[in-house]
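The following blocks contain the structures, represented as structure tokens.
Two complexes come next, and they have one chain in common, chain A, joined by chain B in the first and chain C in the second.
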Partner chain A sequence: MSDADGTLFAQVRDPANRPDPYPLYARLRAHPVARQDDGTVVASGYAAIRALLHDPRVSSEDLPPAEHPPTGNPVKDWIVNPLKDRIADRHRPFIFRDPPDHGALRRQVMAQFTVARVRGMKQRTEALVAECLERCAQNRTFDLVEDLAYPLPVTVICELLGVPREDEARFHAWATQLATALEPESRKDETLRACNTETFDAIADYMRDLIREKRRAPADDMLSGLATAKDPEAGRMSDPDLIATAILLLIAGHETTVNLITNGMLTLLRHPDEFARLRADPERAPRVIEELLRYEPPVHYRTRLARAPIPFAGTVIPEGAPLVLLFAAGNRDPARFPHPDRFDPDRADNQHFGFGGALHYCVGAPLARIEAEAALTALAARLRAPRLAEDPPPYRDGSSLRGPKRLRLIIDAIA
Partner chain B sequence: MRVVVDLNRCQAYAQCCYAAPERFVLRGDEMLVYDPAPPEAERAAIDRAVLACPVRAIRVEPAAAEGTA
Partner chain C sequence: MRDGTIVVAGASLAGLRGAEALRAGGFSGRLVLVGDEPHLPYDRPPLSKHVLTGEIAPERTTLPGVGTLAAEWRLGTPAVGLDRAGRVLLLAGGERLPFDRLLIATGARARPWPEPAAAALAGVHTLRSRDDAAALAAALAARPERVLILGAGFLGCEAASSIRALGLPVTVVDPAPSPLAGALGQVIGGFVAGRMEGAGIDLRTGTEVTRLEGEDGRVRRARLADGGTIPADLVVVALGAVRNTDWLAGSGLDADEGGLSCDRACRALDEAGRPDDAIFAAGDVARFPHPLDGDRPVALEHWGNAVAQAAHAARAMLAGPEAAGPYAEVPAFWSNQFGLTIKSLGLTEGADAVAIVQGDPRSARFLAAYGREGRTVAAVSINAGRWLPAYEGAIREGAPFPPITGGADQPRPKPVPPGLPAPQPA
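Moving on, here comes the complex of A and B:
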């Protein structure tokens, strides 16, 4: 990993490269595990990513300690907020936890993500998509991000969790503010961190009350389930863990799903033959969506920490090194996928990293598949002569959760 | 059709259970139980399960009786 260009990942993060990072990924893959000038080690080859995903020396606990920014109020700065920070550090959301804690928390969430509950959201999701399209029925142009993709996942997860409908609007605002919380870049930005901490505190307060209410009068929803169920080994989930979990479910499924829908429509409009085929045969949707998760994944990379020296392909990843698992580069590795840069829903073997892999494989994958399928099949069926108002569209800043800031479509009509 | 799951490969990700709940069920945390001969009418759901499995552990083959037709 020595003679490689150590600035490639910095270039990946540069917003100028957001519309098309794939040539950079190809250069990174020349060294499937590459050390960058700042000490970060980037895995971009399929086999390397896979090995590291499964390696117990690779930790997901790479979140810096929680830290409320100073407020000037001594009681808050010296007592209340440090206490909140200590609790936050001890009860991180399980996406940032390693075994054994991770397993118990994840198991309890999976127990609530029942097949019946998730599949029960299918019809509801289709109805929500139809409502969004109804609202735009008179328009000849609309923004897929704002008019459909952005509101959908928040409404779906709120209904699944059991957030009262009248409070949903607050969740939409929180979700928008917190969307950046999973973006590794945001940890370095002071204002963003301050704003996120404030929002976290607000949701946490709201959740604490809602959980109390669910315990008092449990309903058939995930939050009631999480608040009342007892795991045979771990017992009942503590309130701070429950709050962290609920917030994780809200933000992990937000911009990711938005990106799948918008990247999906963008890709389909760049491949009009595939768009036509989907319209003619909605049964193609699952193939289209799996290929989207490979070809234009919503999550380009996740970060990790090397807990011990890890020998790899003749070199050693040093202990303590920050790691980047560049899923989107592995998804285009020619050593794993034939003609990787071609969008081909019919490819036979499509074992992509769109939902990650191993212990942290996406909990919400079945729900995300339902939402993306509802949105993309409805768009294919109902938009008449859709075309892109701008290509490439403007992108949000995030290089990990990468997706268009808006996706303006011009249409003849909505059927 | 005949469904074969490579149970050594299967990591109990449960994705197939969401796609075709009548044919794939996880017992406890770990063990997948499935219907090796689902009715032809469920082809679409079974295909979904095949596509959704993160480790590509599920294979669909024509039933022996269907021969090579």
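Moving on, here comes the complex of A and C:
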């Protein structure tokens, strides 16, 4: 942990390295747990990430306290907003919570994310993909992000949650804004924070009303289920927890899936043989998607906090140290995966970190797989001679939720 | 080694996975699998669970991969002898199978009720093979009046859970003070006892059955050491396993009912303790020096050990013992019973302390760590399998006990004696 280059992770965050961070990851892996100049400890080796993911001293409660920026209105600044901040701090969404609270909240969500409900979205998702492609049927170029990868997941998660169709447009805007809240950079940027707080308040107000409506007239959707169900141990979920959970599901079900579809298409177009094989044999989709989750995952890292000193491989991660679990680097660790930089859907042993792992393993993984499969098999089947208009494409700023800002494709036709 | 003949004695999990590892490792010669049962390799864990409850038919347990293995099968023909000097395996029926390398994976069999006449009564079952499970499932389908299970180890407890789930009255008898006392100790065993009783099991610990009595060739009751009587028309004998090594008598290998001794490269040892470079062992039958326990010889009846050790033996057969390195997997197993998923890492044997280090038994979600002379030797999770991998490093390194403190949802550890049996002298 001593003689490593302490600027490597800063370089990972530098947007200039967004198109290809993998050489930096390889250098980081020379020290599977490396301390950076700013005190952050980055785990990039597969075994190190796996051990820290499961370690009870590694906390997910690494958010700074909620803080509304001053508005000039004394009632808001001294009474309303501090109260909101205190509630927000006590009712973080469960992605930012540790056991034992985390367990009950997650269990209650899982009870709604039933196999039947998720499978029930398969046909609907395929129909939504077809609709998106219909809209572009006359085009010879289109942007995969704007025309398919972006609208699809919001609609899917809104329908699952039970958000009325007429409100969906608002959700698209909110989701876009809130997704930046998952990037560590946004916690430091004042403007972004202020913007996120405002969006958060707006969506929280909306959710509060919607939850009241669901309690009054429950429907067969997740929000109705969450609002009315009673856990045998934890009882009924509190309103602030319910709101935080609903917002989390909206964000987490969104940006990540956009990246999975977009990175997926980009990778397939860079490996035309694999694209052709998927077209010829749609049954290959599950293997292709698992390998995409390893090779170009939607979430490159998540942050944690060391609650106690953690001895590791001859050194000690100090108490209070911010941790980065660099999943995308672990996914390319040659000590874990043979020829890790090769895109190979036929690899037999593929226990990637594409959905994270341990207690916080992605709740929406089955849904993400369904959405990616619907999108990628339809694209393979229906696009005639697709090629990339630019390679590499422009990327969004995020280094954790990493994906193209747009992915312009040139095609002969849509069948 | 790339060609020649490799014979695998034993066609269950270890034999199959060993054979597959040989092919994956580039062995292109003749490969023969010998099994005493007529069936292709099948998976045992479901036999005490979904097969008993009728959710999976016994014949649906065939292991995946069987169909694609390029090998000759000799099923229903047990190995009956070994000519080490001549490198020949002798099969029932007289066939002599010459080999360049032999993998012994003959596993274990159920320890029968000691009195043969009573063991032969109708209604007295053991549970080890697929045929055993099929017979027991059929007997359960006939709705016996009371099922008696002898032994509260993992098999006895799993069977009790499955049979109770069918709505049948179940009594479990074990001489230890709690169920699972030998594997997990009385502290964790006591927790499981509470679950068993909560599920309606009539649990009799601290006593044992001295006699099984029948009428008209059918079992009717059991007599207890404490003088009591339990009426039962179906008895499951779950008293552990005996290693299948009898056929090695006279071969000069160091084998007895506790297993076939082998070294860390899985090579079988002769009676003088010398490794035989052509004969290897893996799975339940293999007794090997475990690095986590000061190289004390252990034989593990774990699904995961059968898979990993067979693969290790295959590497050593093809590339040599040095290239394969010493076999040093952290032992791991799991069990499902009474709504609990129990997972274990490490070796609890000989542990002198146990402490709850994560979660809370009151919520039936917790993790217990085991220590021996101040070092961490094992960890057992109850409905908290996702916590368990954190302890693998501590067990491998023998970290100070209790391991890992200062985390989320960690009670202050209060180590207590685990209530394990005293260690057997080596």
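Definition applied: the second predicted complex is superposed on the first by the 415 of 415 C-alpha atoms of A that agree within 3 Å, B and C clash if a C-alpha of one lies under 4 Å from a C-alpha of the other, contacts with A are read in each partner's own complex, and residues count from 1 in each chain.
Quick note on the criterion: a residue touches a chain if its C-beta (ideal position, glycine included) is under 8 Å from a C-beta of that chain, and two chains touch if they have at least 3 such contacts.
These figures come from a predicted structure and were not determined experimentally.
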item: Which of chain B and chain C A:D209 touches, first, second, both or neither; value: neither
item: First (chain B), second (chain C), both or neither touched by A:E166; value: neither
item: Contacts of A:D20 with chain B and chain C, given as first, second, both or neither; value: neither
item: Contacts of A:D273 with chain B and chain C, given as first, second, both or neither; value: neither
item: Contacts of A:R107 with chain B and chain C, given as first, second, both or neither; value: first
item: Partner chain(s) touched by A:E190 [first = chain B, second = chain C, both, neither]; value: neither
item: First (chain B), second (chain C), both or neither touched by A:R369; value: first
item: Chain A positions touched by chain B in one structure and by chain C in the second; value: 361
item: Parts of chain C lying in touch with chain A, wherever the complex brings them together; value: 358-360, 363, 365, 386-390, 392-393, 404-410
item: List of chain B residues in touch with chain A within their complex; value: 13-15, 17-19, 21, 29, 44, 47-48, 51-52, 54-56
item: List of chain A residues in touch with chain C within their complex; value: 50-51, 54-59, 61, 98-100, 103, 233, 307-309, 319, 358-359, 361
item: Residue numbers on chain A that touch chain B, as the complex places them; value: 107, 110, 115-116, 118-119, 283, 286-287, 290, 349-351, 355, 357, 361, 365-366, 369
